[in-house]
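Both complexes shown next keep subunit A, but they swap its partner, so subunit B is in the first and subunit C is in the second.
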Partner chain A sequence: MTYFNMIVPVLLAAVFFITITSGRHKHYHLSFALGGVVLSAIFILLDFSKIVSDKIMVYYQLGWKPPLGITFSVDLLNYVVCLLLIFVAVSALAISRTEIRDDKREFYALFMLFLLGLFGAAMTGDIFNLFVFFEIFSIASYALVSYTGRKKAVLSSIKYLIMGSFSTSLILLGIVFVYGSLGTLNMADIASKMALSSTTATILGFGLLISGFMFKAAIAPFHAWKPSVIRDTPLSLGLMFTASGTIIGLYAIFRLVVTVGNLNLSGMLIALSFVTMVLGAVLALQTTNLKKLLAYSAISQTGYVLLAFGLLSYAGFVYHMINLVLIDIILFIVAYVVIKHFGTSDLDKMGGLGVGNPVLFGSALVAVSALAGLPLFNGFSSKLLIYQAGIQVFPIATLIAMLVSVLTLAYSSKMLNMIFFSNRKDSGVVNIDYDLKIIMVTIAVFCVVLGIFQGYFTGLMEIIAGSGLDRELYIKTVLGLI
Partner chain B sequence: MITILNLLVDDWVAVSVLSVVLTYVFYRFAKTDSVVSSASKKPYACGLSVSPDLEIVPSPSFYKTIVSVFRMGAIKKLHKDDLSTYLIWMLFGVVFVSCYLFLFG
Partner chain C sequence: MITYVFSLIFVIIGVYAIAIKENLIKKVIGLSIFTTGIHLLLISLGYRFGGIAPILLENMGLSYFSTTAVDPLPQALVLTSIVIELSITALALALIIKNHKMIGTLEAS
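Right, the complex of A and B next:
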């Protein structure tokens, strides 16, 4: 028996209960949202022993087998993605507890729809369902961006909607081409037919699908929506966009290129990763808006994940994707606390928090060290894997990645300096909620542990990435041939 | 250097050293009575007297050099929230990805 298939109904039930609860009972909305996330976490954890023994879990909707029926399939790779989504969702809800004051019902209903779409996209084994779940979280996100009702936010939301609609149109068009040429929508079935009957239409379909998913992951030149959206949304949503949206986009590209298509796109991925890394880092260095800096930083780090993918360092791909999420959680919590304290996201107006705020400073220091890839922190471990892969096949890639690491150190130390020192005045002790403090410290410890025991975790990442590489097992298990 | 790093990594010694360093850093910044003020601590300036305004290096000046190296005004100009520019980039991206797949996929 599997439990992961219960996640989507549970999240949908949470949306239902939030929607029917009166707007006067504000505290219930967060409780229902948190309840949905906790139940999802329990269902994922209950499946742990099964995923270890079976390697792939498959659930056929209404018992209909593929290629006709809709399937949910979970291997170690998307199991880890689901765990990361839980981490991000809990952190975002913790931030939203004090950040969101008005219209909580609307906010949490849309938030849970957003999360539902992300989980569905992570678990589905069918490309049309992948499109449907991407649409669910995209539509929820368009509404969430304009949630504050401010003119700038509404404008950003409209721009994001237009660009997002363009990207989902690409995905839909890609599906049309793939279905038209192969006659199936099931990923395992497509994978089995690719080698035998792929045509020009199939290749064009894959190109459109990959382009659409690149928009979601904010890979250059599809990255432009991210900074303005993060700037104009509450930080709890910013975290969801930056961490969850990115990993789902990257996961979809990985699944499509490696497991389904078995395509060799190294050259393209490396080229796009350079542009993404450099653009993100250079723009992060120049901005003085903390929210935009975090958005550019996330774009730059996405470039690293893509570089690992291009260099065929799949362990590095998974490792840096996990690190990206952990670092983002800490940085967004720090940003929330700091912006709340100063009442602005302008770094020029900050400073002096270096005294009397050991937890805040310590967590930020760990996150920044990890981001810059300093030894003994998790960022170093994953970047080392990427450098090692690059040195063997494409040394210039390693050189550029190292140069971007220097830029990362420059913009992250700029951020640290401007928040904690800069004016050298004592800006007082910042009040941090206990839940945020616990999350920050726990994840900071994770960052250090992941960095120090890199040998052990590299092995683990190889196992996780390996599960996504085993095409034969995936095809046979999902199609019910074994 | 790599040998030293290899020795450090995967070792409880590293955990202990890092824990001590982090604890010390936290302790230093936790001490509220160690507030550094320009009045109590004067920076060493080779015997010259420096006005209080010059004692503090504001962040924008501090990073001016490195920012000027990577100024790339064109990139900044292209990130002005102009929807049509962004859509052209996306179109370029789709063409690039599709062409690559046609040629090498």
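Right, the complex of A and C next:
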């Protein structure tokens, strides 16, 4: 037992300091960052058997038990989020290897800070600590958006900063209300006091917290920052924002609403998910910028995850969250390779890669099929769960989800057509680095496997989601009552 | 009670400045006022009129301590939050200076 939930944030903080204090023009910054991520992955995997047998792993900072001390509590749900973060981080680092040319030290140091915030937010069991970790990765992301130093990037970084720190201030305001009404900050302690002594102020506090997290996950009324940020940043960062920012926001909402609050917000979540899904898909259909299209597509898929949540299909929630990350990784790698080849992210100026690029085309085809939810791919398995839940609870939801699926097929096939066929005859063979190729093909295989063995994985997702649903066990284990 | 009213006023002024003002510096000032309002609300949760510092001395009875000492946790939270807000303001101002050098304006659009 190594208590990765304590080691990983400390390790990443150490790598941050090592990177930021190292020589400016040396070439080992990427190795530091990769080393930090790989070591984190090893520590996380070492505790796998422990998580499976104990269900929840709790680390008490300095030995102080809750409600006095800060706890880091990890169950299967956070564990899966941590694994996904590792996947995203490795892929983003692989893209950044050839993408990032200047100021490597600053880039990788901030990247580590970003990752530290994400992991900390995924593991902590204290809402104020959650706020602090959200701020850590937000501050790193504000600085990273302006990394290229171009005019547009700096301006969108400033706008993102103002909107983003407004939303994190909302989280702080929510914490004030929750602490004022319940007198505690520990999630398990809040959960145990929720049933007896929650008041209107508590519910208001939860509402503010959730709206703050929705900003990070880019859910409908708070999605406006995402396309311009993704457009102006390098694609390695775009992947981090889209995939990991979204899952951490969704995870935080799930943890607060289900495990901690035990609130019933179905109506609100379904309404928001409709807006998010439809808006994302429609905007993706009309844009001709590849980066913006990926951003809108991610917003639309986030709507699906939220719909699964609203329909109480928690297995579908976890399943689609995993699929969203896998599909995003492939699409961003494809986009990076293609944008590097054509030197522009304008879809109108692309085309003709369909001949002579079987690996690239195959991976893109898998990702697009999964995105549109065609059978035999992972997107179908998770959408099926959402449809089934919809038919039982609220049939209109299934209808709208299917309609958006058609829109998804439309914009993703538009993207595929414009990159690979279009009017051009032949645009030559694209040069793909080996690491990117390996990651792309591996993830594409995952997509197919998750789609074919649907029954098995649905059971697995139910177990994972179930660990987030078991409030009794969570409260008792974290408070040390067992 | 008066502090609650003031924190509400601060929050409203902050939101107004963030949403309405075009000048980026004014937006950052608005952000600062907004967070200050939240800090005031948080610190007044732990305030107690005529309270003492939450340090238990040897000759102090426990009941006296628990009825007069202020709640130390909001103060710790506010300190953390002030540090975060300071770093965000510093980063925002640095970016605004960079933006001003490049395009020569402080307007948001």
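Operating definition for what follows: the second predicted complex is superposed on the first by the 459 of 482 C-alpha atoms of A that agree within 3 Å, B and C clash if a C-alpha of one lies under 4 Å from a C-alpha of the other, contacts with A are read in each partner's own complex, and residues count from 1 in each chain.
The rule is short, and it goes like this: a residue touches a chain if its C-beta (ideal position, glycine included) is under 8 Å from a C-beta of that chain, and two chains touch if they have at least 3 such contacts.
Note that the structure is a prediction, hence the values are computed from the model and not measured.
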Quiz prompt | Superposed model, subunit A: greater residue contact from subunit B or subunit C | solution = B
Practice problem: Examine A:V176 and indicate which partner it touches, taking first as subunit B and second as subunit C; both and neither are also allowed. | Solution: second
Quiz item: Touching A:S167, do we find subunit B (first), subunit C (second), both, or neither?
Solution: first
Practice problem: Return first, second, both or neither, reflecting whether A:S157 touches subunit B, subunit C, both chains, or no partner chain. | Solution: second
Quiz item: So, does A:G354 touch the first partner subunit B, the second partner subunit C, both, or neither?
Solution: first
Quiz item: Between subunit B (first) and subunit C (second), which does A:Q392 come into contact with in this model arrangement: first, second, both, or neither?
Solution: neither
Quiz item: Which partner does A:I203 contact after superposing on A: first (subunit B), second (subunit C), both, neither?
Solution: first
Quiz item: Just subunit B (first), just subunit C (second), both, or neither: which does A:T344 touch?
Solution: neither
Self-check item: First (subunit B), second (subunit C), both or neither touched by A:K414
Solution: first
Exercise. Name the contact category of A:N264: first (subunit B only), second (subunit C only), both, or neither.
Key: first
Quiz item: Intersection of subunit A residues contacting subunit B with those contacting subunit C?
Solution: 159, 162, 166
Quiz prompt | Complex contacts: residues of subunit A adjacent to subunit B | solution = 156, 159, 162-163, 166-167, 170, 200, 203-204, 206-208, 210-211, 214-215, 220-222, 224-225, 227-228, 263-265, 267-268, 279, 282-283, 285-286, 288, 347-348, 351, 354-359, 361-362, 365-366, 375-376, 407, 410, 414, 417-418, 422-424, 426, 429, 448, 452-456
Quiz item: Which residues of subunit A touch subunit C in their complex?
Solution: 128, 132, 135, 139, 142-143, 146, 149, 151, 154-155, 157-159, 161-162, 165-166, 169, 172-173, 175-176, 179-180, 185
Quiz item: What residues on subunit B touch subunit A, complex-wise?
Solution: 5, 8-11, 14-15, 18, 22, 25-27, 29-32, 34-38, 56, 58-60, 62-63, 66-67, 70-72, 75-76, 79, 81, 83, 85-87, 89-90, 92-94, 96-98, 100-102, 104-105
Self-check item: Residues of subunit C touching subunit A in the complex
Solution: 11, 18, 24, 27-28, 31, 34-35, 38, 41-42, 45, 73-74, 77, 80-81, 84-85, 87-88, 91-92, 95-96, 98-99, 102-103, 108
